[in-house]
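Chain IDs A, B, C and D follow the sequence of writing; residue 1 opens each chain.
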Amino acid sequence: MTERLKHRVYRANMALPECGLVKLTWGNVSAVDRQRGLVVIKPSGVPYGEMKVSDMVVVDLQGKQVEGSRNPSSDTATHLELYARFPDVGGIVHTHSTWATSWAHAGAPIPASGTTHADYFAGEIPCTRPLSREEVNGDYELETGRVIAATIGTTDPLHMPGILVSQHGPFCWGKTPEIAVQNAVVLEEVAKMAWITGTLNRQTPVMDSYLLNKHFTRKHGPNAYYGQK
Amino acid sequence: MTERLKHRVYRANMALPECGLVKLTWGNVSAVDRQRGLVVIKPSGVPYGEMKVSDMVVVDLQGKQVEGSRNPSSDTATHLELYARFPDVGGIVHTHSTWATSWAHAGAPIPASGTTHADYFAGEIPCTRPLSREEVNGDYELETGRVIAATIGTTDPLHMPGILVSQHGPFCWGKTPEIAVQNAVVLEEVAKMAWITGTLNRQTPVMDSYLLNKHFTRKHGPNAYYGQK
Amino acid sequence: MTERLKHRVYRANMALPECGLVKLTWGNVSAVDRQRGLVVIKPSGVPYGEMKVSDMVVVDLQGKQVEGSRNPSSDTATHLELYARFPDVGGIVHTHSTWATSWAHAGAPIPASGTTHADYFAGEIPCTRPLSREEVNGDYELETGRVIAATIGTTDPLHMPGILVSQHGPFCWGKTPEIAVQNAVVLEEVAKMAWITGTLNRQTPVMDSYLLNKHFTRKHGPNAYYGQK
Amino acid sequence: MTERLKHRVYRANMALPECGLVKLTWGNVSAVDRQRGLVVIKPSGVPYGEMKVSDMVVVDLQGKQVEGSRNPSSDTATHLELYARFPDVGGIVHTHSTWATSWAHAGAPIPASGTTHADYFAGEIPCTRPLSREEVNGDYELETGRVIAATIGTTDPLHMPGILVSQHGPFCWGKTPEIAVQNAVVLEEVAKMAWITGTLNRQTPVMDSYLLNKHFTRKHGPNAYYGQK
């Protein structure tokens, strides 16, 4: 069972450069096996072109490495904190994709400006506050997870499956690692679209709330009618 | 005969990711067989990489499914309304292409700024008004078709073979599904060019009307002299 | 000999989509054989994916078709006028490349902002005046060649191997069709760089004239020392 | 031993067009063999598609050609000056990559706006002053190396492994030619991100210094914990 999950996590990681979301060794995808209390994650600093399924690292929910000869991603503690806070989440993605990262640099949330956004994110995509000096110099990656969870707050994380970490970049998630990668693709695209929209019309209001709700519920929830049954 | 049209619609749909106009499962192309009163359209939410000719869905002009085991595109009612309103149109394309969609988010028409535009669109490419709450919560996809037709008004739809739906994205059309896809390629390109032009020179006037007319008629109508006989 | 030139013109035309300078059937390359008084040019409106060497059209310097079963490019008269005016030019390229075309839409010349520009163009790349209604409605393509030649004026066309036609797009040229295509690649790149530069610093002055001259003469003229002997 | 280094320099040069950092014959990579006092560098003006390992040129530290039948890069004197000034540097890269070059055109340093930047560059990436008329008309390429070294000053060049040359473009370096190429990839990406960030928020302050320091030391120095041991 871990073998199958390692294969899925490997494939989801390989999708990041294929979709143009990362360069060099940037980015990472993980998935959780809730029954067995295990997380499979990308190894740290291994080039995508050389990465193999057997390089995937398995850690328990406390971060203890239980399988694999590689070091896990240096962002592992962030992933573990999010799995602890978001019980419905099955996969997490971190990238430094160009447009989403630039919004994170600016410390600005991405406004919902159209249905492409509304099909996946049920409102404005938030940006965290900057971490404090103490948080950065302390348990940095854990604190990153904590500030993400605090920013999402009581929102259903499956309704807001991504966030910008201030001065850093995006984290996305979903029921599965494959869906988490899809959300990272969409986040990058809506980040670019929102940027273009803003330059065309600085006064563009956010989209009509009933249209946002219509499109999100066309794809999610009990009355969804997009896609195949 | 339906088999041949299904193959053409399949090929036209596959051209959307090949031309960089869509990501994931976004977008859809349809074609109409006016003699038999049938429309062939992309299935809803099927990834392009897995889609087969046999996944194409056939509906009649009232939307009743007559062939295929998949659900048709969730935008089918929009396509049917446009076929009803535009008797000369043989194919329709919907995408969320980046630059055209961003103009739709801004609620702004795309000004005719050069001959690339004039070769295909005989003037400014319009943007619809936003749909009302009632239209969105009612028969949403049908209303989308209605607002498109109302915005085109009495213009020959083959002279203005595309439009932006406010807060949503572009729809294009043409005599055939292949021409409709070409118009979607051009719309995305002129959306990007018009954006760059606007940032270079906020006072750029629209192009000279006689140049616009010259280029459109070089390619269309009785005196066209572009291309092979 | 015409066979060899047809092959070169074919290859130069195919380089346009390969270099991302054109979409669909846009753009055209020609070359002249001065000894025999013949011009080889792309056929009008043939998709690049289907074009063959045997589709190239041969016309004499008055535009009379002497070889080939296809119609020549609708821009043939522009090419012929430039060959008549610029005796050292051996190849001409027309594209609708995105950034250069957008400068043409804005009616603005491209300022020399760095050495990438200076390596190929010995100063600001000019933009023609708009054609008048009479010129557009008269012998349009010939008038396009005339306004290009008038704008280049007494400048050596090999020192300024390209221009923007107002509201239309770029034309480039060179001693050979291969060099003309290279100049079209460079024009598109410096158009993009000049745009980015302008948004970073609206007050950026043009580059120092001695640096411009140094880089142009490093690559051109009797003291050039770039490249292999 | 030179054969092996020639192969590495060849591969590093070929990575430039593969990573989208150069067009045509632009750009060059070199590496130094400190023991033997030799530098291997790209030949001048050879198209990447035709370049072979045997085209690499070997010069000594005074610039005397000791191997190869091609002319070395016209920028060789710049590389040699940097090897003389930066004893820990093993490889140097010069490109005209689009976004970094545009910052160089604007004469502006690239501010550190996020962790992507901080992972590789320990602060703002500087831009040199423009060269004077005397420097340009004198030993131009040597003066380019001198102004780079003067701008880096007493900073550890491995902490600031790249720079913008005013009105020209970027030079990057590293312990090896492969790392130098990586730094050129990162420089282009952070140049683009910083541009987007600046357009989103002209008041964006530079990133927090403790976050910058955290990310640089996560990847560099005695306490680095990114990657595999």
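The criterion applied here is as follows: a residue touches a chain if its C-beta (ideal position, glycine included) is under 8 Å from a C-beta of that chain, and two chains touch if they have at least 3 such contacts.
By chain, with names taken from UniProt: A, B, C, D = L-ribulose-5-phosphate 4-epimerase.
The shown structure was predicted, so the numbers you read here are calculated from the model rather than taken from an experiment.
Chemist: What is the minimum number of touch steps required to go from chain B to chain D?
Modeler: 2
Chemist: Chain B and chain C share one sequence, so how far apart are they rotationally when you fit their Cα atoms? Give it in degrees, rounded to a multiple of 5.
Modeler: Copies differ by a rotation of 90 degrees.
Chemist: Chain D and chain A are one sequence twice: same or different residues at the contact, by the over-half rule?
Modeler: different
Chemist: Of all chains present, which has the mean Cα position farthest from that of chain A?
Modeler: Checked the centroid distances; the maximum from chain A is C.
Chemist: Per the centroid of Cα atoms for each chain, what is the distance between chain A and chain B, given in Å?
Modeler: Using C-alpha averages as centres, the distance is 32 Å.
Chemist: So the centre of each chain is just the mean of its C-alpha atoms; given that, what is the distance between chain A and chain C in Å?
Modeler: Here chain A and chain C have centroids separated by 46 Å.
Chemist: Which chain D residues reach two or more other chains?
Modeler: Correct list: 199.
Chemist: If two chains touch, include that pair; go through all of them.
Modeler: Touching chain pairs, listed by label, are A-B, A-D, B-C, C-D.
Chemist: Within the complex, which stretch of chain B touches chain A?
Modeler: Touch list, chain B to chain A: 23-26, 43-46, 70-71, 74, 96, 98-99, 101-108, 130-131, 133, 136-137, 140, 167-169, 195, 198-199.
Chemist: Could you list, by residue number, the parts of chain A that touch chain B in their complex?
Modeler: Touching chain B from chain A are residues 113-116, 182, 185-186, 189, 192-194, 196-197, 199-201, 204, 207-208, 210-211, 214, 218, 225-229.
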